[in-house]
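Labels run A, B, C, D and E following the written order; every chain starts at residue 1.
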Amino acid sequence: SSNESKGEDVDKQEKETLIISTWGYNEDILKKNVFEPFEKKHNVDIVLEVGNNADRLNKIRMNKNSDVDIIYLASSYAIQGVKEGLFEEINRENIPNIENIYEIAKAPLGEKYGPAYTVNRTGIIYDTEATKEKVDSWSDLWRDEFKDNASIANITSTAGPAMVLAAAKKADVSIKDDYDKAFEELSKLKPNIVKTYSRSSDLVNMFTQGEIKIGVAQDFAYGRIKDALPSAEWVNPKEGAFANLNSVNIVKGSDNKELAEKFINFLLSEKVQKANALDKVDSPINVNVELTKEEAEGLTYGKDLINSLQTIDYEYINSVMSDWIDKWNREISK
Amino acid sequence: MALLNLKDVSVAYGDNVVLKDFNLNIKKGDLVSLLGPSGCGKTTTLRLIGGFIQANKGKFIFNDKDYTKVPVHKREFGFVFQSYALFPHLSVFDNVAFGLKLRKTPKGEIKKRVMEMLDIVGLADYSKRYPKELSGGQRQRVALARALVIKPDLLLLDEPLSNLDAKLRVKMRVGIRKIQKELNITTVYVTHDQEECFSISDKVAVMNEGVIEHLDTPQNIYDNPKTEFVANFVGFENFIDLSLQSKNEDISTYNSKNGRVFKVKSTNINSNKETIKGAIRPEEIKIVNKGGDNKDENTLDGIVGISTFLGKEYQYMVDTEVGKLLVNGNTNKRYKEGEKVKLYLPKEKMVLV
Amino acid sequence: MKNKANYLLLLPGLILLGLFLFVPLFSTIFQTIRGKEGLTLVKYFDFFKDSYYISIYLRTLKLALITTLIAVMLGFPTAYYISRTNKKVRGLYIMLAVFPLLTSSVVRSFSWMVILGRNGIVNTILLNLNIINEPLKLLYNEFAIVVGLVYLFLPLMIMSLVGVMENIDNDLMEAAESLGASRLKAFIKVIFPLSVPGLIVGSVLVFTGSLTAYTTPQLLGGSNAKVLSTLVYQNAMSLFDWDTASVLATIMILTTLIVTTIINKLSGKLSGKR
Amino acid sequence: MNTKSRFLTIFSVLVYTFLIFPLVIITAAAFGANDYLKFPPEGFSFKWVANIFEVEMFIRTFKISIEIAVFGTFLALLIGIPAAYILSRYQFKGRNFLQGLFLSPVLIPAIVFGFSLLKFLIIKMQFPVYTSLLIGHTVVILPYIIRVISSSLESFDYSIEEAAVSLGAGRIKTFFIIVLPNITSGVIAAFILAFINSFNNVPISIFLTGPGVSTLPIQMMSYVEYYFDPTIAALSVILMLMTAILMFIIERTLGLSFFTK
Amino acid sequence: MALLNLKDVSVAYGDNVVLKDFNLNIKKGDLVSLLGPSGCGKTTTLRLIGGFIQANKGKFIFNDKDYTKVPVHKREFGFVFQSYALFPHLSVFDNVAFGLKLRKTPKGEIKKRVMEMLDIVGLADYSKRYPKELSGGQRQRVALARALVIKPDLLLLDEPLSNLDAKLRVKMRVGIRKIQKELNITTVYVTHDQEECFSISDKVAVMNEGVIEHLDTPQNIYDNPKTEFVANFVGFENFIDLSLQSKNEDISTYNSKNGRVFKVKSTNINSNKETIKGAIRPEEIKIVNKGGDNKDENTLDGIVGISTFLGKEYQYMVDTEVGKLLVNGNTNKRYKEGEKVKLYLPKEKMVLV
């Protein structure tokens, strides 16, 4: 890809540039564990474009000549990208490391598209001290005791749709048959909800300021909440926590496809996965990564755990998303 | 030839016509004063010459060039504003130095000339002050210094001394006149102070509602105003209706309504009408004596009314056969209300308009 | 205007706006009225037929107006105070007023959570003083949004007003007082009308700012405090439905246009004719 | 000074408390040992400040943000001041309309504007990202410049300008040495507003950033998307500090007559 | 008892002390003028009384109440500013009505009183104009009307007529005086026009560098100033060094340096020093005759220098044995430069300071 960005020198002709669109966090660690080793190994320059899922997806959606080679996305967004044909098909033979990752991560978007490189959970965090009974199920969110003391993720955020699924579980309906029931159930939850959050930092804040006793969250927020509020506990609800898979894809029109595949392969390699796990940036998805108990603390780690996770059918969800958002707006968050 | 020439100029603010077919010629080096009542268009005339307002019609010729459209900053005119218009962000020194700096005058010379000028207006000690920190009169003097220091081609002064006390005003006007003469700067001067006007001017233009009624030397305006308006304006407070009796080359004779005979110098007759007004200043009427011969020429009988102390003199309102007259009397003797007096109106001092 | 050349000075600005504001924007807005056959306003009718949207619209409008009003009430005396201090100190005051603008809107909102939260500073103080027995709910409601928005936009109001007020001659205030106006009266009758140009600018900036604000309502508002810009963001960023987003945006633009016209008219009355 | 009543003083102190207190909390958090906002903080630590410098993107995007804000504000001043002058100095037909027009960029929800610019500038016109970003910022800050400056011009006494012209200063010169110095605070206010608006802008930048070209607020946004440690608070404090130092330097070296020269 | 009483007041702008231990007493209903050179502190005094500036020390008693700290708007004083300070956003009518509206005067009465007042200042036709659309003099009259219409307890006028022409000024000052007398409004008046000052005032205070040097009736100030500064300021242009010869109850005798004998009325002696200055106005010196007897009392020989036309009279600079003297002569005869003249200085007209 050509490089028009400012500040990056293109002085060495033979040196190629790989443009990676990713979230802007933990950049220093990722650089150390992923980007720099890869740059060295393959003699390339990596240029980052950062932003949240929606921003970045929107940009490659609208700008077909965006120069971006690789894009990191959460499942729900990745699926939209697939549907709209924004990604190149990959050649799995060029990415041998796919064989070494957990089953759920191999092809969350179908065989033609990129694998997931990490996984995380959506579960419950609650303040054990402020709560009378142990929490172990999604239904516990509906308890009277949590009146005005709970927060759930907004429908539009990554962890959002999981809540609708949880509500369906509570109502004991299959989501595809009757999501109206799920929303009915959700509106019963309303008295408990202080607000729906869309940034996990917001959730951390609500816990630390004593605004809430319970919240639905992704596991990476737990560490910080626990730091601030030692009585906070993570719960994998007995119905199962929901999995969120972050995947990598090659953007259509990339003229660095081979290099991009090499990058994906590199990202899935045991070494990189372990390094990221040790730095607590990404839960490892490579089956060969072994961690001690302390090292695994706060990560979605281990065969059993990963196999217990509920996967979400984003393809379906995306097809009804606009209706869900509308319902959500009218009933949960006005 | 005239240096400055306004030809049939008209100026209006919106619908309000202020100057109408206005004409004015000024010789190089002359100082011409504009005199006239409040709101008659003096400032407007100056602003027109200065280029701050555009005429609706007419021409402005300066130095044989058509200046009608020349932009203000190319005119090289000095202007003192009625409202001072000092630069609030500059010190007194910098205010005065402003024009010189623009002319790229060397620093040393700027300093010299500014301080000289501040000395003339008596503000040498105030050069570091800002306009806000000055009294009204001090501000006015800064404005004056600012305009004078650039030695302009034409100087436009709008009541430059109105906020100064008598002594300072005299000093300043002498200063202005001196500089003006030395550098031969043609000057248009607006003032409401008649003594100032007469003492400083080569010519005086008396304006009334946007028109010059009388343009002449100070002495002529003072002694022999051409119209009733001008006469009234320059201090002929008393007007007596008269009708012509006989006209002579030297002295003419008129009658008042009540039959008194008035002899008047024929050169003082400025109108050919049959019934005419005899005008005279309060200070020219002499209080001759109580009672006395009724038949004397140029006399009137009257009874003293209220009186005012003017400093130099007393001014009496005297009730006469032809109406109330204002009469000044010296301070040696103060007449009381109700006292009978005889007034004498010298024939050289009466003007017929 | 006397001099035609003066118009040239307006030209660069007009070109900039024309090319880089109106052309792109109209092409976006145009999409919203293009139906299958010809032009249609159906998308707009849909919006105004739905009581849910109307309620959000009204809430947004209400919050923006209240914010503007409070910003005026707080900003006006403060700006006057600043404008009457001497030049040196004035710089310091202006700088202090600007500081809040330098913080990220997220952090700013978070600090308000620390102040207004259940265990927050305000509640702690009130509880300790025994003024209340139970923490007040100050957060996650419209009140919190207004506080956050006022905080966000007050500096704009102050800055716009100071610029105008410092050019008002102190003599005028004195004249008014000598005629029997108390400070407050003189302020209302003289300073206020003369500050109207700054007031208009300030109000328009604050109003449009609060109407289109996204982060602050999102962070400080609760589950019952959704505003119009949330909808715009949802549609644009989550659903990629730019048509709906543009419809909402157009409604916001029209609203600000109407309100700023009213502000202009009203303040024209307040200041008396020029 | 008797121009300020006690009421006014107390009122202003309260308003300033309102404006400053949250900043105290932020500052406290920035130097606190807690890894979340807490007031009063427990302990003292420089780790959050240090953390800023660990994240290279903060530094890189900071530079870009500054560049864009400086160039953008400069451009907007260049375009805006003459326009503001004409709009407030002269009465002419269509003046109100033009005034409204110049204000219009703030009336438009920025996200829609950003999106439109992306479609038009980057996709259609194939402008480089950096240029587009600069243009977008210049457009949004132009109203601040024009309105703030013209409102302070409206209370400017133009006879002062006439005096300068009569002393031989050309129109343009007069503008620079007489008009400008007397509306300094207006210009500074406009500058500050414009600069900060550009520097803080998120909704437009989001669309007009691209590979290697991002701004600090975007970076900060991404950061707080997942993290909630006081690094951003520390960053805000650093920004305030830099502003304060900058203003102090201007005040000390150039003085208030900065614009006169 | 005094209505207004300034006691040992000091005022400074920063380090610049303007009034120092200043004292002033004014009786109810009196009109007191402040007269003094530019920058002497007149405006400052008014602003102090008006409450716009605070004294560093001293007291201000008004109507037996301590007014030192009373806020401006509670003072019920009318103030005319040297700079007018009209409200630019209000029409002439609304400017004048401003104070009445604040007093909740009924609408009809406001209209009546405002129009009456505008009539008095000659601006009834201008009620709808805005200050920007008025001439300098018109603005000043609006400022005057605005202050008068509220019938204040105390009226403070700062050169309220400085921008008006002579005739209008007389009319206005008569108007002010009439209203002031009718309503018995105590008034402090600042003017630099001496005639105006003397004609309108009950008392005149002559100020010099922040101190009142002489407070007295106009007549006394005019005839018999107490100090050299006051004498000079009120027009005693000529000062002759004299030394005492013999003092008598009625007439005292002095010698000039060159041995001329001057008899002076003893009531005109205002200082006990041995060497003293004899002051006399230009207009009181009589030009007696060319040459003549050198030994006459109260005479001096001199040679005519430059002359100026003042309207009423000519003013000559005459070079005498005791220095240059200014002498006025009437217009009947004009003396030429270089002509020899004898001057007579009447004993009643000389003041010793």
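Heads up, the rule we're going with is that a contact is a pair of C-beta atoms (placed from the backbone, for glycine too) under 8 Å apart; a residue touches a chain by one contact, two chains touch by 3 or more.
Note that the structure is a prediction, hence the values are computed from the model and not measured.
Engineer: Which is the least count of steps on a path of touching chains running from chain B to chain C?
Structural biologist: 2
Engineer: Taking each chain's centre as the mean of its CA atoms, which one is most distant from chain E?
Structural biologist: When every chain centre is compared against chain E, the largest gap points to A.
Engineer: Would you mind pulling out the distance in Å between where the CA atoms of chain B average out and where those of chain D do?
Structural biologist: 56
Engineer: Averaging over Cα atoms per chain, report the distance between chain A and chain D in Å.
Structural biologist: That pair's centroid distance is 36 Å.
Engineer: When you check chain A against every other chain, which residues touch at least two of them?
Structural biologist: 55, 58, 199, 201-202, 205
Engineer: Identify all positions of chain D at which a residue touches two or more other chains, and write them in rising order.
Structural biologist: Within chain D, the residues that touch at least two other chains are 37-38, 119, 182, 221, 224.
Engineer: Please list all residues of chain E that touch 2 or more other chains.
Structural biologist: 52, 83
Engineer: Give every residue of chain E touching chain B within the complex, in rising order.
Structural biologist: So the residues of chain E touching chain B come out as 13, 35-39, 42-44, 82-83, 133-138, 141, 158-159, 162-169, 192-195, 198-199, 218-219, 222-223, 232-235, 283, 308-312.
Engineer: For the complex, which residues does chain E have touching chain C?
Structural biologist: 50-52, 71-79, 81, 83, 85-91, 94, 98-99, 102-103, 130, 146-147, 150, 156
Engineer: Within the complex, which stretch of chain D touches chain A?
Structural biologist: 34-38, 54-57, 60, 63-64, 118-119, 122-123, 126, 128-130, 206-207, 209-214, 218-219, 221-229
Engineer: Spell out the residues on chain A that touch chain D in their complex, using ranges where they run on.
Structural biologist: 3-8, 19, 21, 23-25, 27-28, 31, 47-52, 55, 58-59, 62-68, 199-202, 204-205, 208, 220, 224, 227-228
Engineer: What residues of chain C sit close enough to touch chain D in their complex?
Structural biologist: 1, 6-7, 9-10, 12-14, 16-17, 20-21, 23-25, 27-28, 74-75, 77-78, 80-82, 84-85, 87-88, 90-91, 93-108, 110-115, 121, 151, 154-156, 159-160, 162-164, 166-168, 170, 173, 183, 194, 197-198, 200-201, 204-205, 208-209, 211-212, 214-215, 229, 232-233, 236, 242, 245-246, 248-249, 252-253, 256-257, 260
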